[in-house]
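Chain lettering (A, B and C) follows the sequence in which the chains are written, and residue indices restart at 1 in each chain.
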Amino acid sequence: MKFLRRARQRAPEYGPDSPDPVLLSAVAAGETDALEILHRRHAPWLRLRLRYRCSDTDQLDAALQETFLAVWRNAGSFRPRPGDTDAGAWLWTIAIRQLISQLRKRANRWIAETEPEPYETIGDASAEDTVLLNIEHGPLGAALHELSPELRSAIQATVLDGLTVREAAEILRIPEGTVKTRVMRAKARLREALTT
Amino acid sequence: MSWHLTHDQLHRYATHTADDVTAMSAEAHLTHCTHCRDRLPTDEAWLEHSWANLLDVVDRPRPSPLERLLGTLGLREGTAKLLAATPALYRAWLVAMVIVLATTLILAHEIPRGTLLFSFTVPVIPLAGVALAYGRGVDPAHSLASVTPWAGPRLLLLRTCAVLAPALTLCTVASALMPSVATAYEAVFWLLPALAMVAGCLILGRWLHLSVAGGVIGGGWLLLMAMFALMEGADPFQLFSPLAQAGWATALALLAAIVALRMRTA
Amino acid sequence: MTTTADPTGLTGGVRARGLVRTYGTRRALSGIDLDLGPGVTGLLGRNGAGKTTLLRCLATDLEATLGELSVLGLDPERSGERTAIRRRLGYLPQNPSFYPHFTAFGLLDYMAVLKERGGRRERHEEVRRALRGVDLYDRRHTRIRRLSGGMRQRLGLAAALLGDPRLLLLDEPTIGLDPEQRIRFRDLVSELAVHSTVLLSTHQIEDVAALCRRVLVLDQGRMIFDGAPAELVARARGRVWEQGARPPAGVTSWRLADGRYRVLGPAESDVPDAVDRVPVEPSLEDAYLLLTGSVPR
């Protein structure tokens, strides 16, 4: 096992109520207690959410463990948007990718093992995606109801989970081309439903 | 954020009874809303267990290179730790061993009766290491370690192994570089007396401090050598003759049996 | 691994009868009778009174020269039983020293291996618990050579606490601790003493007053007092005074902050000119000083 403790940098003052960015910079300075606070704060909801994508709790817990290990290693690479005190979205992008790599291992499919891309905050979603991300507010819910489960899951993977087409293909176990066409069809349907 | 998930929505999401669209809606919201996240139920037992697993990885002290090496040789992690944890004097002995071997080897090549010095220094090198490996005064943490279940003959034997492994290796290498040595047998002429002396020291350590025991045995060795040097018609090298080697082997077998017996009963 | 049901029946504390330990011709302990059960017992005595020797005998570090000794219901002279004792023993030696190049975590981990504490994972968890117990968790990856004296003392204490000991022998544990740490230490020890036998050798009489229901006083290898602290204090009643005039030489006394003198001595005064002499309630310290004969009887 690779050794993970880093040289001590100066850690900021933090406590159980500190915002995520402060905790993350403390983690970057090697504070395990800060990691524990983050774990307590985020692990439960991440786990619930992962559970909707994987029913095997062993794999799920392994993915979560890897998620927080990745946080431990890469806490310094977290760049909050100005005014953002929450790392939820960032953590989710890590968690879902860790789950994919767990599934990959389990499936034992031969796929060139590539290091996951550096984790970045979802910040550049298209305007359309932003609308989609607001399903909780608008009439979108009803529109989604009209979609077939296949189209819904394609939308979920690409827009909501922020996966690339390739990753979505892996988690949904369908070819990449199918993901693309399903997303296109789903978006067209939604646009139709929302504009009429 | 003014809008929040209802209690019912959260409950259905958490219990996995939400339909796809509600779940998507809940997830889109939860990604950004700390308030609703905190309202989700937490499985405390799972959380604690999961954290313990994580801490075990992130807060594991780095095993020393030696520990890792011993680990790859198949030793148990705990044993490797005990072997690798050695007092400063042990490391000083290692350095001294290299210096002594190098010096005597050079002398053996350079001066006429130089091989004599080398031949009689090599057998006491392991002995010196063992004498400095265990006990009050030579091991700073001895007062803490001496009343643990591992203390006593078991720990002593383990430390002895930590001495013998490097000592035997280096002494063999040095002997092979001696001017007169041609065969493998000649490169280990010192082995039996050295081991017999170490075993004797371990046995004497039952009554004496190990350093004192080492001193006594080492003194005996010097005396023996002086006797052979001064005796009419005798030569110190007779101590390594085939006949003497048989004697050493017998002594070693006897002493080793006593050590083993003591280990058994300890 | 912690065994809740103790297969060896290590429930008893310490029982000694006529315990003698000699160094050459010098008797460090001459005939100690002692029964110890759960709770904290204080061990007082001057330097050289035999406190450390007694502790080392109980800790199976020294063998008694004469007498009977049973520790946790087992005989320390038999090697098998000695090992069983050592599994349930916590011993903090006087001025413990360590490997300075080890980290605090590394040292405790090493000690835990020596104490045969389970697999790596459980061992590490136990080490962390012990470090938290003595408030050294934040310094766990600091090398010992960089720790202060008080921290090293606490590290020694943590080492003693490893392995859920049933018998805890502490030789001068509070040296180098600041008042807050000392309070924490007392708290920790009292908690342990609910189930374990704790023997605390010390010069800090306040620790004894605060922690111990029982106190032993050793003098020249003999037990000269064994009882409750209050009992020791009661013996001194009527022998402690305060007065305005400086007492003559040869009388144990010291100057108080208000300029008066506290005098320890016999009731019938050898100090004729002490007109304003008033008897005061003795402290445990007064009683101890009177008992050990630092004062003419």
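The rule is short, and it goes like this: contacts are C-beta pairs under 8 Å (C-beta built on N, C-alpha and C of every residue); 3 or more make two chains touch, one makes a residue touch a chain.
Please read these numbers as outputs of a predicted model, since none were measured by experiment.
A.B. asks: Of the chains present, which has its C-alpha mean closest to the combined C-alpha mean?
C.D. replies: B
A.B. asks: Please identify the chain with the largest separation between its CA centroid and the CA centroid of subunit A.
C.D. replies: So the farthest one, by centre of C-alpha atoms, is C.
A.B. asks: Using mean C-alpha positions as chain centres, tell me how far subunit A is from subunit C in Å, no decimals.
C.D. replies: Centres of subunit A and subunit C (C-alpha means) sit 57 Å apart.
A.B. asks: How big is the gap, in whole Å, between where the Cα atoms of subunit B centre and where those of subunit C centre?
C.D. replies: Using C-alpha averages as centres, the distance is 34 Å.
A.B. asks: Mind checking the centre-to-centre distance between subunit A and subunit B? Centres are C-alpha means, answer in whole Å.
C.D. replies: Comparing mean C-alpha positions, subunit B is 46 Å from subunit A.
A.B. asks: Provide the list of subunit C residues touching at least two other chains, using ranges where the numbers run on.
C.D. replies: Only 141 qualify.
A.B. asks: Name the residues of subunit A that each touch 2 or more other chains.
C.D. replies: Those would be 5.
A.B. asks: Quick check: what residues of subunit B touch more than one other chain, meaning two or more?
C.D. replies: Residues 55, 59-61.
A.B. asks: Would you pull the subunit B residues touching subunit C in the complex into a rising list?
C.D. replies: 52, 55-56, 59-61, 77-78, 81-82, 85, 87-88, 140-141, 143-152, 155, 265-266
A.B. asks: In the complex, go through subunit B and note every residue touching subunit A.
C.D. replies: Result: residues 3, 5, 13-14, 16, 20-32, 34, 37, 40-43, 46-47, 50-51, 53-55, 57-62 of subunit B touch subunit A.
A.B. asks: Would you mind writing out the residues of subunit C in touch with subunit B in their complex?
C.D. replies: 59-61, 79, 83, 86-87, 89, 91, 93, 96-103, 105-107, 109-111, 113-116, 120-121, 123-125, 128, 140-141, 156, 159
A.B. asks: Spell out the part of subunit A that touches subunit B in their complex, as residue ranges.
C.D. replies: For this pair, the touching residues of subunit A are 1, 3-5, 32, 35-36, 39-45, 47-49, 51-52, 61, 64-65, 68-69, 72, 86, 88-89, 92, 133-137, 141, 144-145, 149, 152-153, 156, 160.
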